[in-house]
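First chain A sits with chain B, and in the next complex the same chain sits with chain C.
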Partner chain A sequence: MMFPAEITQLAAAPWLPLHFVPAANLVGILPILIVGGGAVMVLLADLLVPRRGNLVLPVATAIVLVGALGTAAGQWAVHASNPVVFNGAYAEDRFALFADFVILITALAVVALSPGYLRRRGMEEGEYYILLLASVTGMLVLTGALNLIVVFLGIELLSIPLYVLAGFARDEPLPQEAAMKYLLLGGFASGFLVYGMALIYGETGHTGLVAIHHVLTTTAVSQQFDPMLLAGIALLAVGLSFKVSAAPFHWWTPDVYQGSPALVTTFMSVATKVAAFAVFLRLFSATLAPYRAEWQVPIAVVAIISMVFGNVVALAQTSVKRLLAYSGIAQAGYVMIGLAVGRPDGTEASLYYLAGYAFMNTGAFAVITILSRRGEDCDRYSQLSGLGRRQPVLAGLMAIFMLSLAGFPLTVGFFGKFFLFSAAIHDGQLPLAIWGILTSAVSLFYYLRVILIMFSGMPQTASDEEIQVAGVSVGGAAVAAPESAVAVGVPAGLVVVLAGAGTLVLGIFPALIYTLLQGITVVHG
Partner chain B sequence: MSGMFPGFLILSAALFAIGAVGVLVRRNPLVVFMSIELMLNAANLALITYARYTDTMAGQIFALFVIAVAASEVVVGLALITGVYRSGRRLDLDELSEMSE
Partner chain C sequence: MTWPILAVLLLVPLGGALLILGLPGSRPRLIRICLIAVTAATLGLSVVMLVYFLAVPGSAASRLSGRANGQSLSQVHSPVTFQFQEQLSWLHTSSSLSQFHPAFNEGNNAFNQAGPPPINFSFHLGVDGLAVWLITLAALLFLVAAVVLSRKEERLKAFAVLMLLSEVGVIGVLTSLDLVLFYFFWEAALIPLYFIMIGWGDERRGRSALKFIIYTVAGSLFMLLAILGVYFITGAQTSVYTFDVPTLIAAQSFVSTTHATTFSLFGHSFPAMNPQDWLFLAFALAFAIKVPLVPFHSWLPDAYTSGKTPFLVFFAGIVSKLGAFGFIRYNLTLFPQASHLFQPLMMGLAVASILYGALAALAQSDVKRTVAYASISHLGFVVLGIFTLNIDGIDGSIIQMVNHGIVIAALFICVGIFEARFATRSLRDLGGLAKTMPVMAGMFLVVALAGLGMPLLNSFVGEFLILLGAFQVSPVWAVVASLGVILACWYMLRMYQGLTQGPLRAPGGPDESSVIAQAVGRFGRIDLGPVELVALVPLVALMVLIGVYPGPIIRYSRFSAAQYSQAVARGTVASPAARQVTTPADGQGRGR
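Moving on to the complex of A and B:
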């Protein structure tokens, strides 16, 4: 067998370690280096500082994330003419940078909420921050990945720490269960993903996305019917649909979201979805664009199933975490509208929706984390009743997040959906827009129900059903206790208020983000 | 590349199918986990076969990465499964479902 040219050259060249990695490459992946290196630093710091109740690790983690955010902003401003580094394996283009911003800001919000939440739940461990940073590293790798191998590594680097984080409250039964389900179904999805990648590699002879795109557009491969390549694309789509929790590949989502500690769920539901959608958009709207005619309809069908299923099943829930899990499935369906459209305006609309989703979903989950107590998250409807009286500001902000998730005007959710639906209509995909509008109307019922429960004056007596769900803590006691339990810390309060402000400001001035998106460049391929 | 269809790819597809069915029908998390490994190794076989037929290195390199990632997944997975076992619960996915449908 013959070796490719670069390998033979490498073997012939004198050993020059200093020139092995040109500096431009390292600068190109600076945010990844900062977060990855930061994870190692925090790991070392964890050995040196006493465990309980100090803020060294969260502050160090926050500094790492701010550093990465600053570098990413710098790269955005410089806007390198050729952002492709490492021989076409990675691109720090504006598309990747935009997703990086959303991921890093979400991670920062999660870190700000962490010390208080971990103390309340009794799981203060340094490993939490290390795993968080490791997962963020994987997400940053994923957003700019330009090679199937890098895509795979990014997905695994983001997933494996999350499996551990899901089961972080390791003495409780629900997190254990959530972690195991996440691991098994995540691994299952990875199997599909790798096999799909193997088939695509086999049919095109390349793992680099640019090269694959080139082969698909130029050679005869694109003209003839190629079942292996189509199977590869299908398996890839299945694997990625798992990761973004689109129906019918969503089985893990409700249990994992409900069982994991609320703060981990926050991170999982927002940052993971943004990273996975970034690579989904790049692979399908750019690399596999020549095969658009083949994948467009299946993707649109998955989008419709997700919107219908997520919104209808959410109606029947009695836990806010579970409600947000099903609403997350529905939201994945909305973002997939942009994917099915496939053109630049679809990609822009998807990214806009994801950015808005980061604000509203982080905010909604942040409220749940603030209400949590030792041993449990207070996410059942009965525990929220009367919140409007006990914590009017918190309940008001939660109402804003709920309205925004429903797509109410004057919130970011409205414009997110507006851009997606109009992109679908421009592309002539009217059914997508119609299903989107219909299911949004359905979603109003369950989002408004949460608001009604919070503001219905008297704390309700727990119904039979809720006692059954509550299991250990009896409904009545759980309702009576929170009067004294909730003390919102400064960082946590700041996160919720900023998320609320973002939801409203972007809902009134959508151009703030949309203009950023219009100059966006996706490295083609 | 289609056309020259060697047994290795058929074997790889068969292994993948066995793994996928195993994940869906078996209830012991350890066996499910083994089935997932089978799926990943089926993909490795496909990658290496394709590397041979396309005369490129990328498939072999990819397979090495898949092996490394599968190993780290095993570390985390076995730790989680051990944790469940030590909390005194039976290793059965049907019984490990306290959360409502």
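Moving on to the complex of A and C:
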């Protein structure tokens, strides 16, 4: 469908070969085009650069991501009055751009960590970078999606490369299991999502979010009980809860996080969650806002279950990666507080928490990847024992990330929780805040235990005794050979230091991000 | 005062921590000198603050009266006045920015238009007659801890840095005049304390540290909720959304404590107790754990037993006072009516702490644990004084906080001295040491007498005022609480006699020369060394000085105690301003 204005725009750019797409639309999705096109370029470059272990592919990938980041920043600065493109299928509004920033920065951190990690783990393959870029493309599609079909497209585009990446360590049994589980359960969740979309389409007659919102507010639909629409909303919520790994739809998370290579887990646990929460927030706090009374309680219940389940089960973990997986489930529960509130302050709080989460969780996982060696990731407490003596800086940064995840002041985690609880109390949702408080207290136990293990382990008598002191019994800890300090590469070191600095700076000056969030708009039509 | 002395007070230890971080770890002497210099400079600054604070008595009340931002609040000043105020904006958000596109707000989608209230907190510092004394005490005890800290301590550099960071946190808690800033420092101070606890101490320190941190954080998280509750309830009723403490204190005259504001539990309203009562309890929980009061005390004996002497000097000396400080600064001023309602509960818990702590101290054979339980008993007196809600009791509590800080630090230094020489803390293994350690025994006698509340020594002044205040509430409280004083004689003298009198009993046998030889072999000397004297003598001198001439402290603590008792009296007598806003049914908590 062409509009006169768009035709004149097209005439202004006769050099464009794509006569069927108005140029303004392409500008609107420029970051997606750059990352998607970059994936193809890297694919070609992989053919031309056959030698393993050189830095052409990671550098090219980083350039692509920086380009997309720059474009997104430009779009933020321009702040188009009507960022909706492709006939209302996609909006590059500030809400989407904010999520894009977080995703792209996380992806950059992952790329910076990649060469060293892949070399240590002995799996340097060019496909890794291509799959990463493809997945980022899907995430960018998701953040601005204004149509249920585009939402689905984005979810699949981000998931399918991740299924492959999860099993990227092909020679090991655990990653294979992880990939298979992720694929099967992910496919199942997609089924829920599509079914939900179909029901909503059937009831409203539209797939565009604007049109759906219009139908829900203007027709009498919202006044009467409508089981089909409610079922559709419920199925949507289930599918998205799966993607953000909220309990009780989290069962894939621990196995997949533990089995996947640590770096893939880093990417999965941060970027995927941000993208999925972006669409979750847009769909529920904006499109389905007229049905807020119906979905608010179930979402709040899911948030509470996630916080309780994630934090309580994390107490019993003996694997660091599983610990972070359950912590991730709990963190998803905290972000869902903002979703359940649904007001603008809830959305702001959720986005703030997600931005902070990107710093602290990327940092924590980055430390794990740095400590990983050939054949296995750093996954046992004994590998962390005495880290405070061997590598005080690395251990100190890890301590910052743990304190931030636990929500201590001076770190971004504190203001994240502060804004979330504030939004919940302002909305009168006291139970959400109280459960958040109670579970935060529980979470201290396992986050501080990691710090305790790192710092109070004596150099010689390291692992066993101190781990007993911490109240954990780890089989085989005593057999572990004494660890030696690992060399930290420059890019990897930079990532961890920047993540730590970000965690602290945002923890002391929350205004840096919060004022950005004040300017965001969730656009829909 | 034209320069921001409170900010400098925070920056000096922080800068010192960064300085020491830059020093080479292989030069312990240099690190120790720097540490002592930085803590001494902080003490000097706090004395300057004290002098300038004293220089503007009384008149400060009118000149530097409480700030108020809202139109309706502007006529009412905070009953508690603060000096040396400094304020910088920290986070200021504009209100009611609808973030949704117009297309999204069609229909009766009302909640999208109702924007969030502005979140507005600032870096606001200020002190009153309560805080100045505690800041000075903190600075003194950190200096004493720095003196006590041995050059041979392992990982000295890390300890020094963490100690200075703790000092920043403690002074931050005492100076902050913004609820978010207060909470920020309150929790942030735990981080260096936690790292000291897990890094230095006996082999059970990991467990002790975890127990301490989980207890305190669990309590303070509820306080975080209550801070938000104060913010929204005050904001909803006065339309002034602020975390600023003086404004909030002033605003309490306007806050209706009828059930006008209720939380909804998924649609059900929730007025079982007054919101103010819930908020009071949430704040009280955090402070009761920190003090600690009796049912929340079980972290304390472990933490005090596991810690090293320099750590205990400031941990027992000042960190535990922060809870009592919080009771006065926040519970009495922000929730005056609830303070009256819960007065019997809080006084009951305080008396229970006094008696339980004293009895438990009697049952210990480990001297460090005796001191730990004695501390619970003494802090019970402080809380008892606070919740008399009258000027004598509050005044006594302020003085007793300072006194207890001095006494408990000296006690832990003494106990540490015995432990360093004989490698045991058990009363069963030690005895009759007065002959071999005459100087030490003399010092210890003064400290023990101060601990049991002997007249002419400092604790007597505070305990007397507290009992005086308690008597005004009800003679029963005073009678029961004074049982604690009697028990204090018992456990303190039991400890003193056991260690110093009777036949010689120490590792190395009954033979005096072999005891001395062993102690010298372990520590280098048997009686007090110069460093220990430098640490103990000023503390002992202060005990005597305050005991003989408490005038200066009382004069300015009474000034603040009067203000706090005025602030809490708003809970019984509705002020003219309050009467306009609140309904006649207002004020269900009419304690005395």
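List of remarks:
As a working rule, the second predicted complex is superposed on the first by the 476 of 525 C-alpha atoms of A that agree within 3 Å, B and C clash if a C-alpha of one lies under 4 Å from a C-alpha of the other, contacts with A are read in each partner's own complex, and residues count from 1 in each chain.
Please note the rule applied: a contact is a pair of C-beta atoms (placed from the backbone, for glycine too) under 8 Å apart; a residue touches a chain by one contact, two chains touch by 3 or more.
Keep in mind the model is a prediction, meaning the values are calculated, not measured.
Once the two complexes are overlaid on the shared chain, A:177 sits against chain B while remaining clear of chain C.
Of the two partner chains placed by the overlay, only chain C lies in contact with A:345; chain B stays clear of it. Looking at the shared chain after the overlay, A:153 reaches chain B, while chain C stays out of its contact range. In the superposition on chain A, contact of A:117 is made with neither chain B nor chain C. In the superposition on chain A, A:258 contacts chain B only, with no contact to chain C. In the superposed pair of complexes, A:195 makes contact with chain B only, with no contact to chain C. In the superposed three-chain model, the partner touching more residues of chain A is C, compared with the other of chain B and chain C. Looking at the shared chain after the overlay, A:205 reaches chain B, while chain C stays out of its contact range. Legend: residue contacts after superposition of the two complexes on their common chain; A:249 is shown touching neither chain B nor chain C. Touch criterion not met for A:277: it reaches neither chain B nor chain C.
On chain A, the surface patch touched by chain B in one complex and by chain C in the other comprises residues 469.
Looking at the complex, you find that chain A touches chain B at residues 1-4, 7, 148-149, 152-153, 156, 160, 163-164, 167, 170-171, 173-174, 176-181, 183-184, 187-188, 190-192, 194-195, 197-199, 201-203, 205-207, 226-228, 254-255, 258-259, 322, 469.
Those residues of chain C that touch chain A in the complex are listed here as 90-94, 97-101, 103-104, 106-109, 111-112, 114-117, 119, 180, 183-185, 187-188, 190-191, 194-195, 198-199, 203-207, 209-210, 213-214, 217-218, 221-222, 224-225, 228-229, 231-232, 263-266, 270.
Every residue of chain A that touches chain C in the complex is listed here, in rising order: 93, 95, 210, 213-214, 217-218, 286, 289-290, 292, 297, 300, 342-345, 347-348, 403, 408-410, 414, 418-419, 421-423, 425-426, 428-431, 433-434, 437-438, 440-441, 444-445, 448-449, 451-452, 455-456, 466, 469-471, 510-511, 514-515, 518-525. By the touch rule above, chain B contacts chain A in their complex via residues 1-2, 16, 19-20, 23, 29, 32-33, 36, 39-40, 42-43, 46-47, 49-50, 52-59, 61-62, 65-66, 69, 72-73, 76-77, 79-81, 83-84, 87, 89, 93, 96-100.
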